[in-house]
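As written, the chains take the letters A, B, C and D, and residue 1 is the first residue of each chain.
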């Protein structure tokens, strides 16, 4: 479920999209199957966010006096029905228009009445029968209207099969916060910002229960600063923000890099640049995630690909942060972060939790904080440990932690700090590849757009196209081998993302030879990408790539 | 609250690392380092239980010259880091330190919040009215008219008044010292560390290389006025605010203000809250239960 | 002249390199021709900064009691002479060791005594004869010692030809500040940081004389903030900083981008990340310069290539900022910024100065701040102009400047903000190409390393290698055509830079197909790159590339 | 100094743009907008001579609702931008505005310096003790114990005291108002704008959606205390500091402090310096002469 609001803080227009399916829902969906307009002016304020096509059923308020063949829509929908919603609702009070609509939908599609009635009761039950009963009656009235006015094309859905284990319900931000607690996060420091604040909200309630601490800081710099402090003190720590906050944290991320302190930094992306469009999704902070610090600094960048995946990927972010003693940027986007999604229970017992390497008593005898083994990783002591005393610093330092100006030491330390990430090149499990490995056409997508592309690829496959899909959860460092293998068969395809610049496409080019047949399909944010359109693009590519075989 | 057991055997040398300071010969910061080590020896917590955080500047090099767990962070950010440390582990003795530029200019936005949160942290500013490390620019405490490389015709700005500022923030412990009165400075730092809550010590620590000639240690010795001798009552906040107005003109040393009834510190509240809510902890492997639909 | 200090703030070790030539000096130089060690311990503290090879003449303090064949050096120098410097100096007072050394050099190389004596007089004359006279005597004593102890290999230099117009003397920071004034800069807001502070120092003295204003802000965010305010108020504005400050300015740079306000941001690069090595040069802030903001934001990035070039390139930065109404990042590096260099007078009458486009009276009649012509540029009014009132903002906005959440407007505005830079693709003059255009081997270099590579290419050419050189002054956007043409003949070569990651190499890959034969030659900062070593690398490449012709 | 000619014909409507506010019905900020437009009409400078800068927040939307040259910048940065504008063009009437979060939290590091520099800028904070735009988190002025989405068990921090804070900074003009007393608020804003120097007005502007119920306009009407009626002398800085301690408990409206002898403003000093040094200007085409070696 994706909600969307006008610019009004309270009051004003709002919209709500619900996507239902008996199979896994992979994205918020593109074109609407059913569109309901309580009034046309507000409907159209959401513009391209609520797209309609030739198959959509449009239900709209009869009081608007719009003839079905003169709707203020760019496309002629499959069917349009004017319903006197306000009139039907009137006997049941001001707020019952929504209930009438629920009744209409239940009536026309057969979506489980029982569940809907249970939901209404859950939502309104505690307000007493004076509120609940009219709502129920409004629902019934909607249902009757539907029964009395059958659709031209039947839209009845067969009932969903009974499930053994019920699905869980949550949004990306909540799942991210829960995963942090699972991973052992004991400190959160941050500053509110839409659309990431709910991570902070949940942790401000729950983290204490896990012996953790919480700080709503005075700004994003202090937010990450306190998290760096907590990490130095030995706790797993996290901060979460969105673009503007991310920009402010730039210097401190570099500090965590050179001081080699584990830290997870969540960036829930929204429309940019600057304040941009705070309530809409975009994927335009990727290059920043990889390259914003000054100096040669490297930090892994992960991206969640769905609400459910947010759990495992968040835990992975902590594991990588702790193992490699590094800040990790975890990218989410508004679409996933604020979308309520029903998802399969996750078997958490199969998700490992990794802690940072501590010095052994022998190592503490003559402790050198930054003395590294072959893997570039050095055991890290925490304040309170006798013998582990050291100086953490943002200044270049030698193995002991003493400040240095030596170019030779600088080079050695840079090598250490980069070398440790070599191991990530082996983490092929952090890139998901779906479909026939030899397919000549490929799609690469990340973040919430991965879900859209999963659907697009499914459509394309149904149409007989030989397409495979690559979705990186670890985006940077670029695991070069995986892409090289992917490109070995797929010489044509798309890199799909919700940004103007096509940031993932550019990033990949930096490290691997992207075939010329791979095109960047990049659209800026706010409006959703649509699976069917991507599928169509794939068909074009397929016909061209087949042609190229004959050239 | 900080532990106050005093193992009498602790020597100041235990707190001095073997890193050679990069400070210019004669820099006031040497005195601050000495005073701090003495104060720590008096308190007696072992170095590994101390976290000592700074920003960037000549003065901010100080943690590296001690044997504490040190963090020489980036310019202006000592306090957020110090607060994160203290919340994460309230058992540690946490000290923050840095220069006037570090604390009142680039880091000035963190100070009011550190003070109102009132964690049990001691913050020492080595106030030399100049940017030492970057070679002599105007600092927020440079007096109006000061001629520096960025104000060759004289500064046109009124300086920050650190004492009035932190009193405006409601700081529970406010003191000023100078290495020209080393025993006094040791006592102030010790008292600040022992104060249960955020404690601020402004040290007039002269920069011999870029500092103003009439604000050096020999001058300090001549002009300093001990607040205790002026009959100032450190429990009187309004009187403290009044006295603070003379910052930059008079060199007052001693405790300007000490809250006679220190409120519970934030780190204690953190512990209380953890204890209160600990019973509600979900098992980690059942963490997803919060997403169950009834 | 490049100075270098130990970590001590005052006192402690320091070194000073002087490079003299009758032809243009292109870099600080690599291996020393003459090395002078007043004591070995301090000499070696500078490590690889003061490299010696088999041709170097080493002059050292005889009191160190080191036999010439047991010097504490990794390489055996061409000739080593122990001189009792302290002893010779003793009669002339404490500080006259340097004068003795000057005398030694004058004696052994024949470097113009008159000029040296004139310099000594200029430096010490106003301290009175009691200071001046012993200094002169010390110089003479050094000279006599040299005369009495001729070198094994003669190192006499022929006298420099008389010049018509005398050279100018300055460092990159001073030249940058002067160029800003020339370009019409009337506001500087910034915060001190090594190695950029001298820009601020000069402007704090001079800008008032040009009717301008100056603010030493409380931090870098306020520094750029005040400059953005001044630009909004209609003045050409600038801020200057180094890496850590650059990181802090990230958010505000994005603001200037979306609000379309002209602004020049100078980043004098130093060793990173975080505090890093403040007093040493590095070129590791390039990717940050291009990609640090969140959201799809684009700003031109220019880099100076020598002290003298700093003038024209700084003016160009202002011109681009004003014409395109955009922040521009001007990259310098410590090596250029703090190196005193003698340079040819610049004909400033040939350097155009461009001002921002103002609305016409007709446009002010119904002013739409962000209404753009085909080139994406819209006339900008300034406070005080009746009818030009508008709202500048970091929020996405429509043509009038009103905040919007519309994805459609967002896309249109992104297009406008990117389209305007298309014109930069035609600025071929901002990339310098030297050498035979058909050469099969190419070198690409930027910033201070460009000078080193100019020397390296000269060496390679003397050795008969067909090498050309590309030096971009406008680095981003990548002027794709120019590189494509460059690579058309040169399928092998080097991208040389002073960073660990090879940031320019990666940046180029994003936008152009860099031939596989081009190798990234990237070394971290603090120690200088050395022309002869690069030339050797070119020979290796040449022999391989020739081989490849026969495969 | 700001022009004080008053063309009597100017109407408040001249200062209102035709952008429809996104504020919730009943938000206190509507009153602030009205009061400001009235005050500007009283002063009579035309909108194009006004630069009106804000940060981000519900309150920070305000410049867009006026016809001035507006700058709705980024969170917390109104003051640096405003200062740049005023230095670049001292002829402009410069106003900065924003929320309590914008001004005292993320922007809190800029305030002491704006005040000590003392440019002729008026700064209006719409203090609603909450983060409105981001939907109800703790703000720096939220009282201790406040329950919000980020402090469900109650806030553990003492709030910022804006009045004491700016007095600690040495602000020359400090006032507090509320839209519940609109004529009073108009007068305060007008007086602040006319004050030759940095002037600070804290407006208790309630958030009807996320604000505390006992701190809304009807309550204000009942509880507000006019300083003038309390017999407070606004020339007495110490008395002002004392009164300021009651921030959050008492709703004082009026001028807490007005420096009876306002010092020369920074923008005037800028002009003086430009005038003094203008004679030394080098011709631009001879600018490289500074690099000549004698």
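Quick note on the criterion: a contact is a pair of C-beta atoms (placed from the backbone, for glycine too) under 8 Å apart; a residue touches a chain by one contact, two chains touch by 3 or more.
What you see is a predicted model, and the numbers here were worked out from it, not measured in a lab.
Chain centres here are C-alpha means, and the one lying farthest from chain D is C. Set side by side, A-D and A-B show the greater C-beta contact count at A-B.
Spacing of chain B relative to chain C, judged by their CA centroids, is 38 angstrom. Remark: chain B and chain D have CA centroids separated by 31 Å (rounded to whole angstrom). Residue positions 7, 218-219, 244, 251, 255, 259, 274-275, 393-395, 403 of chain C are each in touch with at least two other chains.
Under the contact definition stated at the top, the residues of chain D that touch 2 or more other chains are 56, 74, 105-106, 108-110, 112-113, 140, 153, 270, 273, 277. For chain A in complex with chain B, the touching residues are 122, 166-170, 174-175, 178, 181-182, 186-187, 189, 208-215, 217-219, 221-235, 237, 251-252, 255, 259, 311, 342-343, 345-346, 348-349, 383-395, 402-403. Against chain C, the residues of chain A that register as touching in their complex are 6-7, 47-49, 243-244, 246-248, 250-251, 254-255, 257-259, 267, 269, 271-277, 279-280, 282, 284-285, 287-288, 290-298, 393-396, 403-408, 410-411, 414, 418, 499-501, 503, 506-507, 509-511, 523-527.
The touching residues of chain B, when paired with chain D in their complex, are 104-110, 112-113, 116-118, 140, 153, 156-161, 164-170, 238, 241-242, 263, 266, 269-270, 273, 277. Residues of chain D touching chain A in their complex: 22-25, 27, 56, 58, 74-76, 105-106, 108, 131-135, 137-138, 140, 149-153, 209. Chain C contributes residues 7-12, 191-194, 197, 200-201, 204-205, 216, 218-220, 244, 274-275 to its touches with chain B in the complex.
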